[in-house]
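Just so it is clear, A, B, C and D label the chains in written order, and each chain counts residues from 1 on its own.
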C-alpha cells in the first residue's frame, strides 16, 4: 500500500472547521432547547470532541460505513447527516428519520452506511466489522468502516470481541477512541490500568495511531493516515486521542466531578478555539470571516429549529407497532 | 417525605451500616452517587465499601458472584436494567446455578433500574423481570411502593439466594411515604392493595398505580375491583392470587413488560391450571405492545398500559 | 436415510448454492465442519463463505448484524444454545430492534443447538426459545421433524426478519426421513401431528416425539389425543391451537424448557384468554423441573418430561 | 515487595512431577473408562498441559482461590482435589462432590476456594477477581487467586472485562493462559492476530510472564514468580505458556485437524517425558524409581475406580430439585 495519503490542505482544514463550527452551534441550540423543555429525550453533547469527530466523518466517503457514538455530532454532519434531521429527531418531529421510535444520538440511516447506534456500548464495533466482511464477500474493495468509542467503552466485552474478530479477518475497520478522561463520572483511574489506551493495539495485533484530540490538524492527519491504511489493506486501525469533554455527560449533569486541574492541562483546551487561532495565525481567514460563518450557521440552525417546531409529532394511531417486517408475523394479543 | 428512590438509598445505607459483609459495586455509584443518586453520599459514609466499576456489566456481576462465594453480600447496580443483558450470562448461568450445582448459595443483589419513563426510548426502558424469572435459581422482586422498596431491599441483602431487584424508575421521584416501616410482608407474598369483589387485577411495579387508578375510576361506577400487588414475581404467590379470584371470579392481569411469556402469561397460566373452576369468565391480560419501547413520549404513552386502557379492559371483563 | 442433522447441513448447502448473499460464521464450522458436523464439507464446497470465528459469541452475532444490514444473509452457529447468552445482547437489543427503530430489517439466522441430551449437564442442554420469544422483534422456530428442520431453515434464510433457529440436539441422529420435501407449511403455522378427539397436546421440539409416544400409549386404551406441533413459538399459531381445543375441549401443553413464562405458560394463557369457552376442564402443563439441567443421566431423565409423565398427565386430564 | 521467591528445589520438582504423573495416569484411566462407555458426560483431557497446570496449583496454598479450567486435572490435584472425587464425578457416583447435578470438569468445592467452573469460557476471571476483592474488604492480605484459560478463552468479553476490572483494583489475580495452539479445532491464526498473547499484558496494565509450557522447571519458576508477585502487592499477573494439547479436544475428537508440523516443533514435546528425562539426567531418581511411582499411581487409580464403580448413582427421588436455598422460595408447578 502507498505509505502516505495526500497532505491536509488549507481547504481541508477550513472545511473541517466549518463542520466543527456547525456542530458546536447546533449543539448550543440543542442545549438551549433542552433548558426550555422542548427536547424529547436526553441531550448528550460532544463539546470539545469536534476536532476528532469531524476528522473521522470527513475522511469517509460514500459507500463507507460509519457508526458514530454519543458525542459525534461533528462526525455525523461530516458524513452527511443534516441539521434538519438532527433537529427533527431531538424535537420529536414526525418527519425525523427515526419517526419518533428512537431518536437523538440513536439516529441513523443504515441503508446509507450511517448506522444507528444502540445504547449498549461496544456493540457497534462488531457490527461495523460485519458490514466490512459482507462487503468483502461481495467482492468490494477499498471500503472503510469506522466507529468511535469512549475510554469507558474500551472496558466492554463487545469492544474486545469485535476488535479481535476484525483483526483476525484483517478488516478495514477504524476504531477511534475519544479518551475524554471520564465515562460519565468515572475517571480513567477507575476505568483502566494501562499506561496508555494505545497499549491495547499490540494486544490485538492492530496498527495504533495517536492524535492530539484538541488539535484539528493532528486529528485530520492522524485519521487521514488511519483511514488510508485501512483502505489499502492495513487491517484494523486503532486511533486514540486524549481530550476532555467540556460539558457534563448529558445536559442534566453539572459536571461537578470534573478535576479542575484537567481543565487547565493540555487536554482541557477547546479544539474549536484552537482551530480558530490556527486559522487566524495562518492568515487563512480574518476574525470577521469566522464571525460571519458563525452567524450564518446560527441563522440556519435557528430557522430550521423554528420550522421543525411547527412539524407534527408522530401519531400513535399511524404507527403500525410492528417489530417484524413481515405482516404475517405480527402477533395479536387478546386484550392488548 | 421519603421518595421511592430515597428509600432505596436508605436501605443500602442501613445494609452497609448494620452488615459488614455488604459492599456496593457498579458504574458511577461512588463519589458521584449513581446515575439516579441511589447511592448518594454512601461512598463518603462507608469508605472503601462503595466502589466505582469499569464499564463492564459482565465483570460487575462476575465479581459479585466471587465475592458472595467468599461470604460477602454485594449489591450491584446496573445503570439501567437494559444493560443487564451484558451481564446476563453471569446472572443466569453462574449466580443462578451455583446453589443447585455446588450447594453453596450465591447471595448477590442485582439492582435493575427498570421500566419506562417518558422519552427514555428502547434502551433505557426495559422491564426484565420475566426474563430472569424464566431461568431457575433467581429470586425476582418488583417492589411497587416506597415501603416495599425499602424492606424488600433489606430482605434481599439478608437472604442467601441471588435476588434480581427490579426497582421502577417511574416511581423514583413521585412516589412518597411519611416514614419507613420496620416490618413487612416477606418476599414471596403478594399483597391485596385494594380489596374488591367484582374482579381481580393482578399486577406489579409501576402498573400497580395505574391499576389502582383504574379501580378508582370503576368504583365511581359502583364496581369494586380487587387489586393484587405481586411484589415478587418469582416466587409468585399463586395462593393469594387464587384466593382473590375465588372471591371475584374474574381476572385481569396487567404488566408493563412485553406479552410473550411475561408475568401476565404466567399468572393466567397458573390461575387457569390451578383455579379453573374459580373463573366465571375468560381471564384477560394487558401488556406493553410487542415492539421496542418507543422514545417519543406520544408513542410511549400508547405503548404501555395506562389507567384508562386498564379501566377499559376491566369494563369489558365486567361486561359493562 | 437423512437424519435431522444432515437435513440441517443440506439446507445450509442449498442456501449457499442458491443464494450468493448467504455465508456462515461460527466457531469450528469451517474445515472442521462444526461441533456436530452441521457444516461438514461446506467450507470446501464454498470457499471463503464458511468462516471460523474466534471464541466470541457477542462478536459473532454483532458481525452477522452488520453483514445483514449490508444485504448479506448470514447464518451463524452457536456451538450450543446455552452459549448464546454471551451473544444475547446483540440478538435482543440490536438485531431485534433494528427494523422497528430504523425500518431496515435484519435478516440473520442464529442457529441454536438446543435442548437436553443424556450427560450434557447444566450448560449444554438449555432450551432458549422462551427467552428469545419474550423480546419483540425475533422469529423463534423450533423444528421437530427432519422435513421441518430442512424447509424451515431455508425459509429462515429467505425471510427478512431475524430468526432464532432452535434445532434440537436430541433429534440430531436418531430422527430420519426418506427424502426432503420441496414445500411445507410456512413459518408461523402449526401442524396437527396426530389427529384426535379426546384432548389436545400442544408441544414442540423433542417433546413432540415424547407426546406422540404418550398419545400412542393412550390410544391403546381407546383415547385419541390430538397432538399439535407448534413448529414456531413466535409467531405462535393460536388459531390452530384454538381450533384443536374447540374439537377436544381439553388441553395439555408440554415443553422441555423451564416452566416460568415458558411456551406452556404462553399457550395456556392464549387459550384461556381467547378460548375460555372451549375448555371443558382446567388446562394442564408439563415442563422440565425448575432447576438447572442435571448432568447425571438418571437425574436428567427425571428432570425433563417424558412419554410416561406426559401420558400420566393426560390420564389425569381425561380423568382416567 | 521482595523481588525473588525461593528457588525451585529438587524436592519441589519431584513433588510436581509426581502430581503430573498422577494426573496423566488418572486421565489415561478416564479415557479407557470413556471408551468402555462407563463415563457419565464428556471427557476432556489435559495431556501435554500438566507441567503448566501443576505449577499453578502447587504454588497456591490453603486460603487461596483457584478456578481451574477444562484441562487442569494436574492443577486440581495439586490444589487438593482427590483421585477419589474425580472418579466419583466422572463415574456418576452419588457420593461425588457434585451429587450428579454437575460433573467432571465442572466440579469444585467453592467453600474450599476450589471453584466450580461454568462452561462459558472467561466467566471465572471476574469471579476470582471478586473473591479477592471480598477478601481485601475483609482485611485479609497475602491471598492469591488464580485461574486458567485457553487461547480461545482470551477472545471472550468475560476475560477482557474481568482482567481489566482486576487491574483497576490491582487485585492479586494470576491468569494463566495455556496457549495450546487450538480452541477445539480453531487454530490460533483464526483466534487472534497479535504477535504473542503476552502482548495483551501491557494493554491491561498488568505484569506479563512467559513460561515454556513443555518444561516443568520453566513453569514452576514462572508461576512461583507470578504468584509471589501477586501475593506481594504486584497486582494481576498474566502468564502465557505455549504448548500443545496432545490429545483431541475431548475423547470424542480424533484431532484430525492437528497440523503435524506443530507436533514436531518445540511446543509439541510431551512435558511429562521431558520432566522424566530431566529427573534422570539430574540423577535425582532412576528409571526404576519412576516406573515404581507410575505403578503405585496406577494401582491407586484402578483400586479407586473399582470401588467407585460399586457406589450407587444419585437417586432422583432423593434430589430435592431446589435451585434456591430457601425452601419457601421453591415454586410448585401444577402438573410438573
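Simple rule for what comes next: a residue touches a chain if its C-beta (ideal position, glycine included) is under 8 Å from a C-beta of that chain, and two chains touch if they have at least 3 such contacts.
Predicted model, so just to flag it, every value in this text is computed and none were measured.
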Taking each chain's centre as the mean of its Cα atoms, which chain lies farthest from chain C? A
Taking each chain's centre as its mean C-alpha position, how far apart are chain A and chain C in Å? 40
Calculate how many whole Å lie between the centre of chain A and the centre of chain B, each centre taken as the average of the chain's C-alpha atoms. 35
Measuring from the mean C-alpha position of chain A to the mean C-alpha position of chain D, what distance in angstrom results? 44
For chain B, residue numbers touching 2 or more other chains are 53-54, 56, 58-59, 82, 85-86, 89, 93, 96-97, 100-101, 122-123, 136-137, 234, 236, 260, 273-274, 284-285, 289-292
In chain A, what residues contact two or more other chains? 98, 101-102, 106, 118-120, 155-158, 161, 164-165, 168, 190-192, 322-323, 330-331, 334-335
Classify the chain contact graph as line, ring, star, complete or other. complete
Hey, which residues of chain A end up touching chain C in the complex? 65, 97-99, 101-102, 106, 108-111, 115-116, 118-120, 123, 125-135, 137-138, 157-158, 161-162, 164-165, 168-169, 322-326, 328-332, 334-335
Contacting residues of chain D [partner chain A, same complex]: 155-161, 164-165, 167-168, 170, 189-195, 199-206, 235
Would you mind writing out the residues of chain D in touch with chain C in their complex? 40-42, 92, 98, 100-104, 106, 118-121, 152-153, 155-158, 183-186, 190-192, 257, 313-316, 319, 321-323, 330-331, 333-336
Flag every residue of chain C that touches chain B in the complex, lowest number first. 82, 85-86, 88-89, 92-93, 96-97, 100-101, 122-123, 130-131, 133-137, 234, 236, 257-258, 260-266, 268-269, 271-274, 276-277, 279, 281-285, 289-292
Inside the complex, what are the residues of chain B that reach chain D? 23, 25, 48-49, 51, 53-54, 56-72, 74, 89-90, 93-94, 96-105, 136-139, 159-161, 186-188, 234-236, 238, 270, 273-274
